[in-house]
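Worksheet: the structure to be examined is printed underneath.
The letters A, B, C, D, E and F name the chains in turn, as written, and every chain counts its residues from 1.
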C-alpha cells in the first residue's frame, strides 16, 4: 500500500509585529529590531499543508485537496486573512507571531480535522526568503 | 562518505480527467466535481525527481543530471507530453490519474533505471497549489 | 489627473488542441506537430487583465480589483475552467484556441464590462515560456 | 543611439488599510470590504522601477542599477519597510494607500533623483495577483 | 485585423565580467565594483523575445513559437550558453556585456530572421532583480 | 517542546566550470560536456539553509533569521559572490564545484556557527531545474 504526501498551498495577507509584552520596550527593540516597530507591518503569507496517506483505490486521492482547502479556509484563512495576528486571532492569543509559532499554531488548528490520511507538515512562508515548518515533532 | 540528494525538475503538458469507470456517472460527478467534466481539462505538470547517493570522487556527481533528464524524458515525457493521461499512456492504463497516482506510477517507471545512487522521491505538481510526492514507502 | 494601469492575474485549467477543421489531418499534423495530437493536452492558463484609468479620489481605485476578478470569473473562468477550449466554450466556437486567439477572444468578452477605466491589455500565459498579449489594436 | 529600458526590482513589507477618513465607517466597510478591517493587514510589496535611456558608451549602463537600488532604498524603502503606510510615511500623508496611489507616490519620490536616463515606470505588486503601474502620464 | 504580441521565454547560463579594456584597471574597479572582479562571475540569463503581428487565419499563430525558439537557439543560445560573454561570442566582440548591451545585441541577431510578424522587444533578465529591454528604438 | 525547521534563502552570482585537473582534457570533455568549456560559465546560485530547534519561549525564534543571514553572508556570500568558484574560494580549493559538492562545502562552513538550534540542511539551486541538498548524513 504505497504512501504519498499531498500538499495544498494557500495564502493570506495579515499584519503583525514581533513583541513580547512581558518584556520591556527596550528589550523588544533590541531583540526584534524593525520587526518590533510599533505600528505593525505585514506579509503575504503562504501556507503549505501536507497530508500523508495511502491513495484511496476508488478515488486515487489521499484526501480531496478541494476539501482540504475548505478545512484550511475555515480553520485558518477565515480568521487570519486581512487581520492583525497579534490582536484579532483567538487561537494566537498570547503567542508571539513568529513564523515558527504560526506553523505550530496552524498545525494545532488542523490536527484533528483531517478526515483521511494524517497531517504530516505545515510550512509557513513569511516571505520568499524566510519560512518555518512544523511536523508535529 | 557524505550522502546528498540531487533533484532534476522537468515539465510536460497533458490532458486528463478524474473518472473511475467502475462507478456510475453520478458517483463520479459527486466525487470529483469539475475534475470529472467529460471533455477533459489539462495541466502544465511539473515533476521533480530526487536521487540520493554519495558524490563520485572523480566527477563530484551523485548522478549526471543531464543523464537523469534523458532517462525521465525517455520513460515519462516522451509518453506523457501533449498526451491524454487517461487514454494515451500505456503505463497509466487502469489508473485514475490523480496527482498521487501519477507520482507512484512515475516512480515505478524510473525505479530500475537510475545508474548510480538510489531513487529517493518523485514529486508531481498539478498546479502551483496542488502537489503529491511519493518516496517509495 | 494621473493615469495608472492596474492588473489582475487569474488562472484556470483547460484542455485544448490546435486543429483547423477546414484543413486535412496531414496539414494539421505538419503545421501543429504535437499540439495537434488527437486526444487533447492541456495547460494551467494564467490570464492578466489590465485596466487603465485615473484613480478615483474617494477610493484610490482605478477599479476595485475584487470586482474586476468577479467580472473575469463570470465572463471567462466560469465557462473555461476545467473545460475543453475546442468543444465546450460558446465564445470560442470556430476559433483555433492558440494563445493569440484566446487573448483576443477574452478581450472581446471583457470589453464592454469594465465599469470604470478602460480595458488596456489581456495577456494569456499558456506556460511560463509561451504567452500572447492583445491590446485592442 | 539605441534606447533601452532597465528595471530594478525591490521589496519591502508593510501594514496598511484602505480607509477614507472623510467618509463614514459604513461607507468604508461597504467600499473596501475586508481591506478596511480596523486592525490593519499587510503585504510583501514588490516595486519595479524602470529607467529609460541610451547606454553610456564607456560603461554600457543606462544607469548603474546598484546606484538606482540605493536611490530607491533612500527614497522609498527606508521610510516604508516594516512601517504602517497609513500612519508612518510622511510622503503618503493624506493618501489612501491603494496600489495605484502607491505607484504614483513612489514615482513622485523618485522623479528628480535619476542621475542619467529618464524615469519610465513604477510598478507596484501588492500580491502576485494585484498590481498597478504608473508611467508619469 | 487584430494585432497581438507573442513572447517566447528562454534561458542560458554564461560567465561574464563588466570591464572596459580602454580604461585603466582603477577606473574599471571604481566604476563596476564587484562586477569587475578579474576571474569572472556568471548568471542564469533569461531572455524574452516578443514578436508582434496579426494571427494567421489558418493557424491562429502570429509565429509558431516552436519555430521562434529554434531561431533564438541558433542565433543566441548555441553561441552563448555555457560560454564566456566577454571572450567566446563573436557577435559580442568589443561590447561590454551589460544587460542593456546584451538586449541590443540579441535584437540585432534576431532582427532579420523573423519569418512573419515583426520583432517588438528583447528583454534580458540578468537576475530576477535586474533586467533590460530593447524595443528597436 | 515542539521542534520546527526554519529556512533562510539567499543568492549569489558566480562563475564555475566542472573540471577534474587530475584527468585528461579528453576525459573532462566527455564527462562534463558543455559544463567543462574552458572559459567558464556561471549561475545565479540560490542557497537555502535550514536550522532545526525548539522556538525560544521569549522570542518565538529557533534562530533570528536576520542573524542566520549574517552568518551565511560572512561564511559563504562574502567569499563566493561575484567570484570564480574554481579559482577564488579558499574553502573550495581542490573541490570540483558540482552542486552536490557545494552543498557539502557550505554545510561544513556553517556547521559550527549556528548559535541555537542545529543545522539541518543546506540546499543549493544551480538553476531552477537542478539542485542538491546535504543534510549532514
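Details
The rule is simple: contacts are C-beta pairs under 8 Å (C-beta built on N, C-alpha and C of every residue); 3 or more make two chains touch, one makes a residue touch a chain.
Quick caveat: nothing in here was measured; it's all calculated off a predicted structure.
Common partners of chain B and chain D, by the touch rule above, are A, C.
Note on connectivity: the fewest steps through touching chains from chain A to chain F is 1.
Sharing over half of its contact pairs with B-F by residue number, the repeated interface among B-C, A-F or E-F is A-F. Rounded to whole angstrom units, the spacing between the C-alpha centres of chain D and chain F is 33.
Computed from the mean C-alpha positions, the centre of chain C lies at a distance of 28 Å from the centre of chain E. Within chain D, the positions touching two or more other chains are listed as 128.
Here the chains touching each other pair up as A-B, A-D, A-F, B-C, B-F, C-D, C-E, D-E, E-F. Across the complex, chain B meets chain A through its residues 18, 20, 23, 31-33, 95-101, 103-104, 128-137. Residues 2-10, 55, 58-62, 65-66 of chain A are the ones touching chain B in the complex. Remark: chain F residues 11, 13-16, 34-35, 37, 39-44, 81-84, 87-88, 127-128 touch chain E in the complex.
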